[in-house]
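Have a look at these structures, which come just after this line.
The following pair of complexes shares a single chain, chain A, combined with chain B in the former and chain C in the latter.
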Partner chain A sequence: MTDIALDAHRAPRDTGGVPALGGVKLTLALSGAVIVLMMLFGLTMKLAQGGLVAVEPIYFYQVMTAHGIGMVGAAGLTGAAIMWFFLARYVALTGWVYNAMLGLSLAGVVCILASIFVWGFAGAWTFLYPLPAQSGGVWEPGAAAIYLLGLMLVGVGFLLFYLETGRALIQRYGSLGRAMGWPLLLTGEQDDVPPPTVVASAVVTLFNGLGIVVGAAVIGISLINLYAPEFAIDALLAKNMIYFFGHVFINASIYMAVIAVYEIIPQYTGRPWKTSRVFVGAWAATLLFVLAVYPHHLLQDTVMPGWAMVVGQVVSYASGIPLIAVTTFSLIAYLHRSGMRWDLASALLVTGVFGWSAGSIPAILDSMIVVNKVMHNTLWVPGHFHFYLLIGEVAMVWGFMAWLTRESTGERLAGASATSYAIYFTGGLGFVLLFLIAGASSVPRRWAVHEPAWIGIDHISVVFAALAIAGFAMFLVRFVRRAGTAP
Partner chain B sequence: MQGTILFVSLLLIGLVAVVFAASVLASTSHGEPNKQAVEKNRVQLMVALAVIGFVVTYVSLRPWPHEAEASEGVVTVDVTASQWSWELSRKEIPAATPVLFNVQSHDVNHGVGIYDPQGVLLFQTQAMPGVVNRVKYTFREPGAYRVLCMEYCGLAHHGMTDEFKVIQE
Partner chain C sequence: MTPTRSQPIFLAVCVAGLVSLASPLGRQFLEASLVTHMLVQMPLLVFIGMGFGRISSAAAAPYVATWNRGGSTGLLLTLGVAMFWMLPRAMDAALVDMRFEAAKFVSLPVAGVALAWSYGQASPIVKGVLNAHVVSALGVMGWAYMAAPVRLCNAYLASDQEMAGAGLLAAGAVTAAYFAMRIVFFGATRSRYIRTSSASDDASIVAY
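Entry: the complex of A and B
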């Protein structure tokens, strides 16, 4: 057994020194509940598509919209909670900023839910211009406006968060470049090398800050257009902005969540996660790749310049190299013959890296233009991102939550924890694989009603979805019960 | 194509799963890692991934997948999308002839997906307001083909379908 306390801040259950710790725990509890609720929405969609439950299309598309934005929001918030929690060990963060982000996000959520379930907005989470303004008479401009305002509130909250983390990183390290470890990479300088958490936080601060600003711009334009249609924007430009923002934001959630792996796994292996030149180089490449790769969402917009599509394809593949050859490879190396103790926390964190690595395969394949022609906008697309999220990001989050509420003596993956893990993993993996099979069977995405040839897969998916929900519900109950007694 | 991609995906996902499973099994024993060997293996993996990437990129982009120029002998079909129906300038298309689809939308983004008689997606492109997307295709098999909407466009997105025939001339 190789649990070690690497320093005084890392003793079991010692969460001293984290500003807004209450806000972080509230984020996790609320997000956990939102994730379970959104999974129930997802189950409803599958039941409806499979013809097992009658849901009017208008309600299906509302539920679909809520499911999408709910999951994206929960992923973003939980990633941010993880980043804040661990970054507080290395830089001086200001507590009220986190609470402001949480408050603004909650206000945004209220607006978003009201827009959907009170005023009928059903534009999908991606609000693809000009659909919010041109619903075909299904919702009023005001419904779309409240949805977009809700997004704006969440975006402002996140921007405050990143301004604060950026400020604190610069205060401590002198510049974002130093915080990203570039002196080590470029000159081999060994002075004051930032730990992995700092490198990751600095990179995400930069790229997600940019993504959110672009998102705010297109949300702003969309809002104005709702009430002054003469103020229009080129639909292709809007699409570029929306997919840039959306891609960057959802990727940021997993690039933040992996910080939990960097910080927690060493406590089990006794091998600190090292900021090497390779590590810094991988994150520097990631900074560039995450910003450049978004054209892989536009490979069927043939009016896009050819070079942009090639960038989308090539950078999609290239993004896999830091992931597989650095994060995943390092994890495997750190685990090897480490005398590792497996409990729910370590099992979920390692599962998260598996989900991220394995999920990249259908993603990278779909980013090839020739493949994208027959896979884009089929269920292959949600197939790959559910892999990233259900088996990747969310597994890391639940792992962090399990670690936060661990017993101080060495627990093992056994009994109830093993059962809940097995139920979740079986359900989750089966569910995402069926999504991929459906996509390969040419089933289009975002259809409220499925054709008879497609519903067999839906029926089987429902079973796996229910298992995954049961597993997550067990994790949530465990967290809430234990967090209530935490010091 | 879809079957091959699914097979390759499942194979590679399976490979990643096997690697992780082996790693979990090897984690419970004790031993010091050979750091030099680890870093050497990492570099080899990076090089291998880069080489595979170059080869796959080259092979998959030649010929350019979106070649869609109008030329002699090419039949043109104009496709216009609106909430929630399709307008096709021709409903009969000759087989074994290059067909150029000019696709646009009256209102919001739609996606024109062309399905063969067996329900397999052959190709697609986006239908957008203010731009014309072009895609060229040669149909080999005569029969009834379908147009399905691939880009969420509102309430009747799932009902936005049409048909055309490919005929042997």
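Entry: the complex of A and C
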């Protein structure tokens, strides 16, 4: 193949040679709009819980389902766009595959939205058995089937995406093991060391590929069960498969988005992000941890084997180490005395790493079995994942979008960009902290109607949510206005 | 496959395997249980066909290349045959109707031949989709055989059915592990393809 491995720190905003660049930009614009729309759905839920607007519970759960799957899908798509954009600098990717992934995903989104808002599916994005098949008459099995078919379409799209990235990585490096830098890790071999983007992409390709295959199997099983209920699923097996797939998928979105940090931050600091033995080791550990950590979602399932619970707890502790000790510590080291110039892109990217790291701490706390017993069904858990998505993954994505549409290298974090950043960060951080406070106060999650004692927090949350949405809307307008003219 | 001195031995092994499986003793032994019927006899017939396919691929390539571009025809044939023999009704019929039994002993090796001629021609994306589909299909089939409230095959016991389901799940897990290990540790270094150029275009895959 043509060796297109280039210096990781080429000229800023170099988009040359990125196949399906139009598809990447379309992904970002559509996903950005979806994120803002889903935030409005989230605001609607908070308004309803706070008693500020009247929303029938049946519609509340439809909105909750759309909010969950919409955000997961948008996170996955934006992460994939970032990974594709930067991976194309090092390996030869085929453009039609990305566009096929985008097309299949959009077709899946249409199915999912129709199943929810036309046919009334409201079984939450996790479609846990037996809810899709046993709605108590709220929706027909056909609605659940269309939802699952939509998920299947998205899954097939992502499968194509990872097959293509895997093919390109293997073609360039010989095997995924080499692309993950394992020769460096195991023997110290310094020949053809892959850059951080390649290491991260190879790891994500492997673990999310496995996750999608498991997801396809459980979706297939659920579809059969919808129309042949006598083919019963072992509920515990179904939950294990769904959480394995779901946890891996949403983690993958963050691990793909962090590639933007590896590629863009060095342009500001002038210090290349190096592939060290520790870096490769951290990503190798991440590969194992991401696959093994999901049982921390099942700590309240008392019929789970004890060893699986222990694995979930221990791996949850350990999974913070590669993240916090390597990426975050490295970022701080690269930033220290670098004289870095702050603009909207760099501020959002650094914020993203902060949100990712800080957001994982409530998760680690919740993975302690004794804490989990009382916290897992409270708003603590939405607090944790909103933290690392709203302040983490999504911040990295908006940072990438801001970098992609920078007008000049002399931009500063001032004026409208500073205002939008301040509004978003204040709103977002306040919103997630209130989630955590509500969780610590034992406010349950997934309740359409809140007790009077809880709605004070809801009212304050509404204000912060509105601020975060306003900030994001400003980012989106800025991106759309500039995307057409940016190279 | 280039002609080698080992080819006649390989051919003899395939023929002997086919004859053994088709013999009354072989059939009675393997078809007595759903597990051996589905998880031993039928895959072996496909593997034997793949053996014939490997031996004959070089000779057949000029004749099949025009209607098997990218391996699409052969792969569709393989999938069609596999879908038919996945039906419990088809397996039942093979046990009581010699025409179905004969069709099984012809169609499954033919599917193997088609697979051997076609898999290498397919693009990496198509191969990946097939591999992923095999893993998830084994998982779904395994679950279906274990979860079915009634016997799916009239000829076999319910306990046989559960064992076959467990076997399919195990096969899915082993297959997934094999594919994962292969791409992590071997990747393209195990490729049997010859490329005419160094470009990434899959059209450059021309032969084994």
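Definition applied: the second predicted complex is superposed on the first by the 475 of 487 C-alpha atoms of A that agree within 3 Å, B and C clash if a C-alpha of one lies under 4 Å from a C-alpha of the other, contacts with A are read in each partner's own complex, and residues count from 1 in each chain.
What we mean here is this: contacts are C-beta pairs under 8 Å (C-beta built on N, C-alpha and C of every residue); 3 or more make two chains touch, one makes a residue touch a chain.
Remember, predicted model here, so these are calculated numbers, not experimental data.
Following the overlay on chain A, a side-by-side fit with no clash is recorded for the pair chain B and chain C.
In the superposition on chain A, A:Gly103 makes contact with neither chain B nor chain C.
Legend: residue contacts after superposition of the two complexes on their common chain; A:Gly174 is shown touching chain C, with no touch to chain B. In the superposed model, A:Glu164 makes contact with chain C only, not with chain B.
After the chain A superposition, the centres of chain B and chain C are separated by 100° when viewed from the C-alpha centre of chain A, nearest 10.
Of the two partner chains placed by the overlay, only chain B lies in contact with A:Val449; chain C stays clear of it.
Once the two complexes are laid over each other on the shared chain, residue contacts for A:Ile233 go to chain C alone; chain B is not touched.
Shared-chain residue A:Leu206: touches chain C; no touch with chain B.
After overlaying the two complexes on the shared chain, residue contacts for A:Gly120 are found with neither chain B nor chain C.
With both structures placed on the common chain, the touch criterion links A:Gly95 to neither chain B nor chain C. Looking at the superposed arrangement, the partner reaching more residues of chain A, out of chain B and chain C, is B. When the two complexes are overlaid on their common chain A, residue A:Ile221 makes contact with chain C while staying clear of chain B.
Overlay on chain A (Cα): least separation between chain B and chain C is 13 Å. Within chain A, the residues touching chain B in one complex and chain C in the other are 234. Interface residues of chain C, counted against chain A in their complex, comprise 124-125, 128-129, 132, 135-137, 139-140, 143-144, 147-150, 172, 176, 180, 183-189, 198-200. On chain B, the positions that touch chain A within their shared complex are 1-3, 5-6, 8-10, 12-13, 16-17, 19-20, 23-24, 26-33, 38-39, 41-42, 45-46, 49-50, 53, 56-57, 60-61, 64-66, 68, 83-84, 107-109, 111, 113, 115, 119-126, 128-135, 148-159.
Interface residues of chain A facing chain C in the complex, by the touch rule stated above, are 1-2, 92, 94, 97, 159-160, 163-164, 166-168, 170-171, 173-178, 180, 206, 209-210, 212-214, 216-217, 220-221, 224, 230-234, 237. By the touch criterion stated above, chain A contacts chain B in their complex at residues 57-58, 61, 122-124, 128, 130-131, 134-136, 138, 234-236, 239, 269, 271, 278, 300-303, 306, 309-310, 313-314, 317-318, 320-321, 324-326, 329, 331-333, 335-340, 342, 350, 354, 357-358, 361-362, 365-366, 368-371, 373-378, 433, 436-437, 439-442, 444-449, 451, 453.
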